[in-house]
Amino acid sequence: MMTMDRAERMARVGGAITLLALVGVIGVYVRALAFTPVERFQGLAQKIYYVHVPNAWAALLAFVVTGLLSILYLWLKDRRIDLAAAASAEVGMAFAVVMMTTGPIWGKPIWGTWWTWDARLTSTLFLFLLFVGYLVLRGVMTDPGVRGRFCAVIGIMALVLVPFIHMTVYLFRTLHPQPILLKPSAPSLPGAMLVTLLTSIFVFTVLYVGFTTQRYALAVMRELRAEEAANAA
Amino acid sequence: MISTDPVLRAEKLSRSFGYRPVLRDVSLELRRSQMLVLVGANGAGKTTLLRVLAGLLRPTSGTVECSVRVGAVTHDSMLYPALTARENLRFFARLLNVNDPERIDELLELLGLGTRGDDRVQTFSRGMVQRLTIARALLHRPQLLLLDEPLTGLDASGRWELVERLGTLRADGAAMVVVTHQPEALHDVGTHLGRLDGGRLLALEPMGGVDA
Amino acid sequence: MREYLRYALTIALKDLAIEWRTKTAFASGLAFAILVLAVLFFSRDPTAVASRDIAPGALWVTFTFAAMLGLNRAFFLESEERALDAVLLTGIPRSAIFWGKFLGNLAFVGAIEAVSLPLFVLFYDIVVWPYLPSLVLVIAMATVAFVAIGTILSAMVVRTRYAELMLPLLLLPFLVPPLVGGVQLTARLLDGRPLSDYLGWLRLIGAFDLAFVTLAAVLFGVVLDE
Amino acid sequence: MREYLRYALTIALKDLAIEWRTKTAFASGLAFAILVLAVLFFSRDPTAVASRDIAPGALWVTFTFAAMLGLNRAFFLESEERALDAVLLTGIPRSAIFWGKFLGNLAFVGAIEAVSLPLFVLFYDIVVWPYLPSLVLVIAMATVAFVAIGTILSAMVVRTRYAELMLPLLLLPFLVPPLVGGVQLTARLLDGRPLSDYLGWLRLIGAFDLAFVTLAAVLFGVVLDE
Amino acid sequence: MISTDPVLRAEKLSRSFGYRPVLRDVSLELRRSQMLVLVGANGAGKTTLLRVLAGLLRPTSGTVECSVRVGAVTHDSMLYPALTARENLRFFARLLNVNDPERIDELLELLGLGTRGDDRVQTFSRGMVQRLTIARALLHRPQLLLLDEPLTGLDASGRWELVERLGTLRADGAAMVVVTHQPEALHDVGTHLGRLDGGRLLALEPMGGVDA
């Protein structure tokens, strides 16, 4: 594994990054609310955009990272990689939840419906559920080695699955596009909005890094303590 | 001492479940015609060690090298209850490339299941299951036997016959690790007595069985 | 190579032999199939929807859930008395074990499908004969992917003592592509249009089969270790 | 009498304890419901059927499947190490065991139903508020019958090895009435027609509940003998 | 001979599985402080008899009368692997109306599981499960104990302690039927030795244990 103080140092670094990012987030919102023009059609509702999109981005990022780490784990068989993958998945879950809630909150005023089975939404939903499964599986497995391998397998399979689901829902839709549905896709944004969006995405990426580092360090520390305890006994 | 190179070599095996260390740096070597009788308190880690040696459980650290055909008996019968005794043996015989068709009947006879070969294992009594489990382990004439409490559930004659059998197999060159809570029963056939304590394998003592 | 195939077949046949003995999985799968067909049939408001319109959905939902009940069992057989350990001890290649279980499950699911298809024709009185071959092709393609994934996942969940809950949870997301594809193609077929109009779907399912059968076969070894 | 209830509760709570051992069991129940609903949503031919038309079917298939899983599991717990024998040895009245298992299963199925209902509203965006009470009533009634029958039959599976084949099929004729009833009523409700128009169905299910819950409770003791 | 009326009376018990008769007209009576040690070949019908006496299996013909609290150990642990040792005992304690909260800890201690009470049974070693099974059987201080190979899986000290324990329980008036393949281990505590053969219970022989 690694030494306790290295883990602690890592946790502190993660905390620092997180703090930085949070400051950034506040900055972004000040800018979003105060200094960015109100979108013509959607009005203030559109402000949620700056929460929703970066969260969505961070969530997807997290899940992809988990998938890649899973491959790495099966290859190198290093327990720390497994812990990192788990950390990334948990953090991604948090972002995904925000995305999945802000999305509908946004959708109701704009599409007039909470939910629509549009390609991206649906694939996101299923990805989300797969990671619920991933975390549930982690929860019920006792042996670290087996848990790591099983979860890695799920992570990899999920990575491969997502494009397929996207294609599927896409084909399903193109057969019969919903009249009322306007698919969420980046409207060509006026510069100010775009800048705000990009900065917010950047900030959330940093936030993701911060959270994950911290979560990972904590996991490592938990393992180390448990090992000490066991060896003492 | 004809036999030179070890049949089974384990180096510094450790295994923990969750955070509970169960095996700590267990190393052992076994040569042809040697029988290691393994004792230890309940929960000492005997089964874990045996499963690691059999390659059924990954050690947390350490290595196991085994160069020969292995047969094993564990706490679980490792049989399909819905199949008959004969069907079970036939299934494993296929996977083990045991082609001699007499072998199965011979083993059923040997273990006193001759008349019950076509009954489902589901309907067997505990001792009958244990006998069949042993038959499965001997099916392919293994050169290394890993037996976890092989005597449990057997009646007096069954125990006696099994011990005899193990003696002859060993004499014919098979190596064995036998976990038991009654080492005295194996006194004449065992060559080494090992005690597992606190996850460590204590120094081996010699036993009555002559090391070929 | 012939060895390898023999191992896989031995395992598959063993599973079928056991299922044939007990018939548990098959019976409950079938029972469930009938339930679902009935539920979906009666759930529609006859004034609003013609039964044939929901027929494809009914068919595929039936297949999916009926088969899922069976998959749970396939690995329960191995874990019940830890027989899988004895199989591993024989030292045969682990991928052979995968193909064995895979074939066994394929046969099992195929059987359930073979039985529920006529029921489905009966319930929803629709004419299948003209395009039966294409329909069977579609079903086969969708089933392969489904079973491959089900095989590896059930090998995992059976170790968790929450198998019943975990298998659907992990398996269902993977079923979306083959399932939706299957439904769409079936619907078109029932409308009497030729498959060739829907190469898009066929390709998708084909690619899906390829991707996941390989992936499952490769990753299976990892799953067996303890 | 209070004794009797305590026994039943102890057993029910034990089952739930095992079920919810994993804090995430709720999450998986939730995800499970979403998946089934989604799968059904996509298994329709969008050109032919509007989602709301299959909504009732979707809802009830979800319930049925959830119930099946719950029931299979509930008695597997007892048979795994024959723990049921130890329960019998305690000499508590066998009907108390029935009520215990019954309550446990009811809670499990009820929980999944409780989470799937809102999701169902969300996904198929339909308006339930006006007739939510009647809907809940219908669901409750159908579920009770379903679980009662499932409980006794799954108990039989555990004790009598060779009846395995028959039981799921036996289960079938008993489950169809409440299910079809439930589905029909739901469909009508969603069309905004008052329940009062369908007293026939309600009476049927009501009578069915009464008959089979009693019957199950009475016969349960017999079933447990080997 | 204070004890007069029998605690357990079985009359002409027969049981067959399918067409295989396993028990033939087995009759026996057991009074307080008597321990019947039951032996017999594998498949003789010992477990079947015990399950019939416990009321877990219906005799094909014959009757069993039992007037007292019964505790039993069979080949199956009869525990919930997903629950912890303590949870298992608490569950059965509730069903048995054992209200004394110390009882559970006391038993865990007694059987050497004191430190493992909060681990799930699925993680226990064979011997640990066996110990817990015995704890479950003793939970409600039964006056009749039906034990099927209670010594299996126990290490030397565990066996010794259990035999001691059974002795004291018997002295305190408990009646027991103990199936075993090692009657010698129970020589000092058993009062009667019975052999089951061909489904029949052969004449009982006296044993070392003094019949109070």
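Points to keep in mind about this one:
The letters A, B, C, D and E name the chains in turn, as written, and every chain counts its residues from 1.
We take it that a contact is a pair of C-beta atoms (placed from the backbone, for glycine too) under 8 Å apart; a residue touches a chain by one contact, two chains touch by 3 or more.
All of these numbers come straight from a predicted model, not from anything done at the bench.
Chain centres computed from CA atoms place A at the largest separation from chain B. By number of C-beta pairs in contact, chains C-D lead all other pairings.
Put simply, the chain farthest from chain C by mean CA position is E.
Centre-to-centre, using mean CA coordinates, chain B is 47 Å away from chain D.
A straight line joining the Cα centres of chain A and chain E is 57 Å long. With centres taken as mean Cα positions, chain C sits 39 Å from chain B.
With centres set at the average Cα position, the gap from chain A to chain C is 32 Å. Multi-chain contact residues of chain C, defined as those touching 2 or more other chains: 22, 161-162, 166, 169, 172-173, 176, 180, 184, 225-226. Residue positions 81-82, 123 of chain E are each in touch with at least two other chains. Counting partner chains per residue, chain A shows two or more touched chains at residues 126, 129, 132-133, 136, 140, 142-143, 145, 168-169, 172, 175.
Contacting chain pairs (ordered by label): A-B, A-C, A-D, B-C, B-E, C-D, C-E, D-E. By the touch rule above, chain A contacts chain D in their complex via residues 113-115, 117, 122, 125-126, 129, 132-133, 135-136, 139-140, 168-169, 172, 175-176.
Only residues 22, 25, 28-29, 31-32, 35-36, 38-40, 42-45, 47-49, 53-54, 56-58, 60-61, 64-65, 68-69, 72-73, 76, 157, 164-169, 171-172, 175-176, 179-180, 183-184, 186-188, 191 of chain D touch chain C when the two sit together in their complex. Interface residues of chain A, counted against chain B in their complex, comprise 142-145, 223, 226-227, 229-231, 233.
Looking at the complex, you find that chain C touches chain B at residues 3, 6-7, 10-11, 14, 17-18, 21-22, 77, 80-83, 85-90, 92, 225-226. In the complex of the two chains, the chain D residues touching chain A come out as 22-25, 27-28, 30-31, 34-35, 38, 41-42, 46-47, 122-123, 125.
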